[in-house]
Each structure stands twice: as C-alpha cells, then as structure tokens.
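Just so it is clear, A, B and C label the chains in written order, and each chain counts residues from 1 on its own.
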Amino acid sequence: MLDPTAVGHLLGFSLYEGLVYGFLALGVYLTFRVLAFPDLTVDGSFVLGAAVAAVLIIYGVNPFLATLAALGAGLCAGLITSLLNTKLRIPALLASILVMVALYSINLRIMGRPNLPLLRETTIFSLASQLPGLETRLVYQLVVAVVLAAIVFFALNWFLRTEIGLALRATGDNEQMVRGAGVDTDKTTILGVSIANGLVALSGGVVAQAQGFVDVNMGIGMIIIGLAAVIIGEALFRPKGVARLLLATLGGTFVYRLVLSLALRAGMAPGDLKLITAVIVIIALAVPYLQKRIRREWLPPAPRW
Amino acid sequence: MITPMSENKSLLKLKRISKIFSKGTVDEVRALDKIDLDVNSGDYIAIIGSNGAGKTTLLNVIAGVYPPESGEIILNGRNITRLCEYRCANFVGRVYQDPHVGTAAKMTIEENMAMALLRGQPRGLRVAANKQRRELFRAALTPLGLGLEKRLNALVGTLSGGQRQALALVMANLSKPAILLLDEHIATLDPRTAQIVLDLTDMVVKREKMTTIMVTHNMELALRHGNRLIMMHKGRIVVDMNQEQKADLTIHDLVVAFERASGEEFADDSVLLHPGNVVGISDL
Amino acid sequence: MKNKRILKLVGSVCMVAVLTLTLVLVSGCAEEPEDIYKIGIFQILSHPALDSAREGFKDAFKAGLEDVGLNETKVVFTERNAAGSMDVCYTIADYFVSEGVDLICAIATPCVIAAATAVEGTDIPVVFNSVTEPMDAGVVNNWTVPGGQVTGVSDIAPVDPQIQLILDVLEAPANNLTLNKLGVMYNAGEDNSVYQVDVQLVEALDNLGLTGNVTVVKATVSTGADIPAAAQTLVDAAVDAIWVPTDNTVVAGIEGLVGPCEDNDIPLVAADVATVERGALGCWGLDYYDIGYASGEMAAEILLEGANPATMPVQTAPMNLLYLYPEEAERQGVTIPQDLLDQATEIIED
C-alpha cells in the first residue's frame, strides 16, 4: 500500500525546502529571538534578494556571484531598517514595516516588470545538474541546498561564538549589561539586523533560481513562515546552545514545509493551510505549557512575545 | 562637612555636580545639588542616606547614564563628564541591586564572563571563550566557594539570585576597571549569600586595591566596611568621615551626626528599620 | 536529564514520522490501473474567470475521451489552488511531478512557470491557459513553435475593440459624452495587466487615432483591499469611463469598483464576461470557459492522439464576444444604444 519512493520524495523535497527557506528562518531567528528586534523587513528583503539575483543572472553574471550579490542586497536592506531605528529612534517594528513597504516599489524597479522568468538562464541549480551523478532534479536541488546550508550554519555557528558575535547575542538578552560591558548596542543591532536580512535575501535568491521565476508579490507572508518555523523548532526540539538553536530553526522549517506538503497532498487549499500553520504553532507552544501545568510546575506570567 | 585627610592620589573628582530631573516642570527634583567629591585611589567608600538622597543618581552620573546639568567629572585627570554609558563602562565596573540586570540569562557563565572580560577592549572575531580564558574564569570563580567554576557551561538563568549577584561582582572586576560602583548589591540577597558576596567584595577590594563606592541602606555595613563613610541627604553630602572618625561609632551616633549636620531629623523609617540598623532601646 | 532530552527528541521524530505516514496513507494510497489518465490542474487563486477556465478544460478533455470511445472515468483530475501564495506554486508542481501525472494543466503565469521548471528532466507535458504572454514568461520559444513540453491558450485579447466599445457607448446620441480621460485600474504587480496597459492600450489608442486626445489615468492596487481607495482617485480625477483589463486582483474584487462607478455615474467596461455579470456595463471579451475548453482540447490531442506540444502553436482566445448589461449601464448613468444591443452575443439582465 505504501510507496517508499513517494515517502522518500516527500521527505527529501521537504528537507530541500526546509533548508532553502531555512535561511529565511535563520534570519528571522536572528532578529526576533537573538536580538529581540521585531523585524518585518523580511517580506521585502526576500524579494529583493530574488530580484537582484535574477537580474544579474539575466545579464549573464555567474549565478554564484549573483546569489552572493543577493545576500549583499539584503545586508543593505537590514542596514537601513536598523539605522532608522538606532539613529532616528524610530521604533523597530515601524521602521521595518516602512522599509518593507518601500522595498515593494524598489523591487519592482529593479525587476522592471512584475514577474521575471529564469527558466532559460544559468542558475546554481542548472550548474549543479551538470555534475556527474546528479541527474535527478530532487537530488541536485538537495545537494545545492545542503552545501549552502552547511556553509551558512558553520559560518553562523562560528560567528556567534566570537567576541563580536557574543556581544550581538547579549544585546537581545540584556542590553543594559552589554552597555555596561562597554559595547555600543547600536552597532551590534545594526550588525545583527543587517546579517539577518542578508540571510533572508539569500533565501529569496536561491528560491527564485529553484522555482524558475521572481514575482514581486512572492514575499507576501514570508515573515509568517519564518516565525512559524522558529517557533516550531523551539517547541519541538527545545534546543540549548548556539549550534542546537540554529539546527532547531532549520528543523522547524523542515517540519513546517513537510506539514504543508502533506496538507497539500490531502487536497487542502493553501488558504486552509494557513489555518493549519496557526494550529501547528499553537499546538507546538501549548504542549510544553500544558505539560508543566500537569506537573504543577511553577509558571511565569504570559510572555508578551 | 567633615573633610577627610588623605595622602593618596586623587582618582576621581566631582566638581559642583548637579543633576535635575524634570527640569522646569512641577515635578522638578534636584537629585544632586552642586556635589563636590574627591575620591582617592584605593578608597573604599560607603554611601548611605535616605530614599531620594541621590545615592543612586550619583552612581549613575559617574557611570555616564545621565549627563549632569552642571559640573565636571575628572577621572585620572581626564574629563569624562560628557561620556555616555557604554564609553564610561570602559573604566567603570558596576554591580546593580537586581541580580538579573548584571548578567545575561540566556548565555552561559563563561560567555557572560567573556563579555565582561573585554570591557574596555576592542572586540574582534576571535572565539570568545578559549582555553586560557576559561582558566582565568575558573580562577576568579573558585574563591566564591559556590561551585560555579565547575559549571562554566551552565546557563546563567538557572542560577539563583545570589549566585548571579556573586557572578556579577566577579564580572565587574574582571577587566580591572578604574573604579567599582556597587549599588545596594547585597540588598536582595539572603543572609548567607549576602555574607559571601560581602566577603568577596572586601577581598576583591583589598587584593586589587580597587577604588570602590558602595551604596547601602545598611548603616552597620557602612560603619564596619570601607575606609570612608559618606552620608547624603537631598542631593548633598552632609557627612564625610574617614577611617578614624567612624571607627568607634554606633548607629545611634550616626543618626545624631546626621541630624546635626543637616539640621533635620533623621526621619526615614525605611533606613532606620532596616535589619542591620534597628536601633535598640539602650542606644537611645 | 539527558535521557529526558533524548526521549523528547525521539518523541518528536516519531510524531513527525507518524504524521507523514498517516497523511501519505490518506492521500496517495489507492493504486490506479495503468490505463487511467492522471492530470494535475492548478491555478494561482480562485475567481470566477479562472474557475470557469478550469471547468472548460475538464469538460473538453472528457469530450475528447468520448470521441475516442473512452469513458470519462478514465481520467482523474487532481486540482490544487495556490490561494495566492507564490512559494506554494513550486511545491504543488513538484508534487504533481512526483506523483507521475500524465499532464499538468497550469492556469495563470506563476503556475505555468513553476510547472515548466518542475517538469525539466521528465517528459510530462504542460498545457496552460489564462497566461497572457507565454513567450515573455519564458515557457515557450515562440508562439508558432513552442519547442518544449509546454503549450496552451493565451488570454491575450485585442484591446482595440474594448476601447471602441467605450467610445460607442459614450458618443451614442442618447448619451452625447466625449472620452477625454480614461481611467484604468490594475495591479502593477501582475505581468499580464502591465502588458495590457503599457503595450496593448497604448497601441489601441494609437490605432483609433486617440493618442493626444485622450488622457489615461492609471490607478494601481496591490491587493483587493486597495480597490476602494484607488477607485476614489479615479473619481476625483473626473474620468469619463473606467476600463479594467484581465487583472486577477481587480477582477477578484471588482465590487469595490462597481459601487463608486454607480454612485458617480462613471461607465465601467471590463475585458471578460464573468466580470460583466458582477457589475460592468459590457465587454468585448473573452469567455474564460472557452479558453479553458480550448486548452482541454489541446490536452486531449497530446494524451489521446499523441500530438507533440513542441509543435503545437499557442492559441489565442477563440472568439471575441459582445456582452452587454443595459440595466447596469443605466445605473452608471448611460444608455446603451440599440444598434449595439442588436449586435450583442448575450444581454445580461438583473
């Protein structure tokens, strides 16, 4: 009754999506959790990365360089949001929304039209498909995704343990202590938000190359996906320590895309899928809480977020 | 005002420092009123006073949290009046009353200490917690007797308030700051841990010859610890005694000294009723 | 403590595995016999035009089956809807491919591109409909010889007759109005709309000799929620008529425009029938059902007669039909002249 290839394909594809959208989730994790900076730029920087990568690829630039450029564009977007917040004292949420809205128009200008196809272009995926032994679409997609994810994971894992990275993590944890340790928290915020949006734009650039097009509307709702992934990862894997937290975020993205795929296959409309996402996140958050209640453990007051 | 005699080098000078909150409004408060203070290198000053006397504000102004309305702060010959908090932090070590403020709960003990160690130094891309530093951290934590040196990878959030405060004190010292500011740092601790932290404070101050200003509500503490006692009232220094002058005083004497100096009754119940300060019938 | 954590990790993995197995069992279990055709259909979102295209596709394919003597039970349609989420397009396309469908029907541009990407390396054909510019989208080499696995029916419609309709209504003796300002509402984020407004409309005005005499006032929206505000800007600009191209966003929320048109006596002309029924006074338009039907016929040719999509030219809308809605016209302050009513393919009534 059960088709092992089907299950294998399902898991493999969800893993691929989990990694590729995982960069987005890592970016959201970096801002929302590590820096305690609510950053909604994501919807805009995701498309920015896709747009920049696509335009460069169409102009004949090497796709790896184009993807790198996408990351750079995201860094700029995050830079603007964090500057608005630290130097002009615009509240983080508002600053990020403003940049996100502005990016819609900017992205449209970069693309020149609302939808840019990449079907005939040389992408990192089409290059990978030419390597020996990697003919199946899912296989070479997965290979590219794993390689990129590994690079990002090791880079982040190392960076967050360096002196600067430590200051970044502490900024979201206890800003007063960080200033008391002689660190300018404005600088750490700017660095962190920039890197985070760089990751989101990287995600956009890779996704665009995988699906064959950039659409100026494709960023809508990405922040929800990122947040859901982070929350699911935290609740399911209860990670402690930098490396585990990063892996948990990727794991959360995998679970989210998996459930999405399952629901799709069962015939649910993606409108309902959003409801399912919400339900999953609620369950993921409620179960540990309910467990504690049953055990009559001490419970802190409801966190704001 | 009784001025102390001292041959030591002057470390910190406050000249006519004033700090006003809500200036120009109905709520205007003169938290510090033209304060002059000379802190010598190696001084261990205890500051006491009623609520609203300006003790914490004084610390905050030294630490750069608020800019003073007027006056100057000179540290080691350098004018630091206008420096903001994170720049002052390079030479000011601070322990707060709330143990949660001094440490980062989601990071490990060694990560917190690594943050504190680099106070005053530029931070780069080296891995923050390496072998040598861990040795350093262990050496700093062992004298506490709390077992923290064996738990370098524990999350600070899992420590008790007292343990966090002890850690905060060690962290404040780690970078060998020019001056150490302690703001009622044992006020919220249970007696046993308070004693540990107090002993640690004395030890650190003595060993490092650390210039220290300690704000406290506990008059007994102020009398028994430190080489100088300052009492503040309504933004001014009303009592300033050196070691000899305070050596044989009792709490009752202090109260009298205050009333004489300020011309007011020492009416702050919260200070008088503080466990360390309860005045016995025989003292009156 | 460590055991607890390992247990929790194992528990989580088990939970995920159970979830996987359950739903896979639920959805993909029944083994179909070899001679059933599996067709995956997906569209970008739901609105009457795309929905009727889908129905047209299915009806045509079933008719094709009958023509070769087969029963309609010989085909299984798997229908999915991306509900506006772009990232899901690729997931759906990959799902179809992994299921080994015999053909994919993609309705709208993002869907056809995602499908075209997903079928690379396989021999699954893709038939699209409701895609305005397939060459621009990169899914075909050119209109006459697509050259790959993708072909279909475009919903590109000449804009000239649509503008002519506006002129005919406004300048009729009963109304005696002139067209000085033409309002246009569309989503600048939709490729097909941008093409119709920036290319086709400009050409149409040129062909009709109106360039320079008629000012085009554009109002763009990003989502349906923006429509009322955009409508107000057109009202404030005192446009003489409003034209809505085949724009998914505006068409899905057309009611937000119909109200202001009725309140301010501005004639509203659309580009497809379903929209007319909801409140435009008329259109020289496309019946999306027919577009869908034509694509279904192409699919039947490919699967049942072995035609090669690479050599099947992209088709355009089979007919241009005149639909008129006189009662709505009255509400919008104009009367439709009798000679137009006589030409109408269909008169719509309340």
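Definition applied: a contact is a pair of C-beta atoms (placed from the backbone, for glycine too) under 8 Å apart; a residue touches a chain by one contact, two chains touch by 3 or more.
Everything numeric here is computed off the predicted structure, so don't read it as measured data.
J.: What chains touch subunit B and also subunit C?
T.: Where subunit B and subunit C share a partner, that partner set is A.
J.: Compared with subunit C, which chain's mean CA position is the farthest off?
T.: Most distant chain from subunit C: B.
J.: Comparing A-B against A-C, which pair counts more contacting C-beta pairs?
T.: Result: the pair with more contacts is A-C.
J.: Which chain's mean C-alpha position is nearest the mean C-alpha position of the whole protein set?
T.: A
J.: Just how far, in Å, is the C-alpha centre of subunit C from the one of subunit B?
T.: The separation of the two C-alpha centroids amounts to 72 Å.
J.: Cα centroid separation between subunit A and subunit C, in whole Å?
T.: Whole-Å distance between the two chain centres: 31.
J.: So how far apart, in whole Å, are subunit A and subunit B when each is placed at the average of its C-alpha atoms?
T.: Centres of subunit A and subunit B (C-alpha means) sit 44 Å apart.
J.: If a residue has to touch 2 or more other chains to count, which residues of subunit A qualify?
T.: none
J.: Can you name the residues of subunit B that touch subunit A in the complex?
T.: 85-87, 89-90, 94, 100-107, 111-112, 114-116, 118-120, 123-129, 155
J.: What does subunit A use to touch subunit B in their complex?
T.: 158-159, 161-167, 169-170, 173-174, 176-185, 240
J.: Show which residues of subunit A lie in contact with subunit C when the two form their complex.
T.: Checking each residue of subunit A against subunit C gives 1-3, 6-7, 9-11, 13, 17, 21, 104, 108, 113-115, 117-120, 129, 135-138, 207, 210-213, 215-218, 220-222, 225, 236-238, 255, 257-267, 269-271, 273.
J.: In the complex of these two chains, what residues of subunit C are touching subunit A?
T.: Touching subunit A from subunit C are residues 5, 8-9, 12, 16, 19-21, 23-29, 80-92, 94-95, 97-99, 109-110, 113-114, 116-118, 120-121, 136-139, 187-191, 194, 222.
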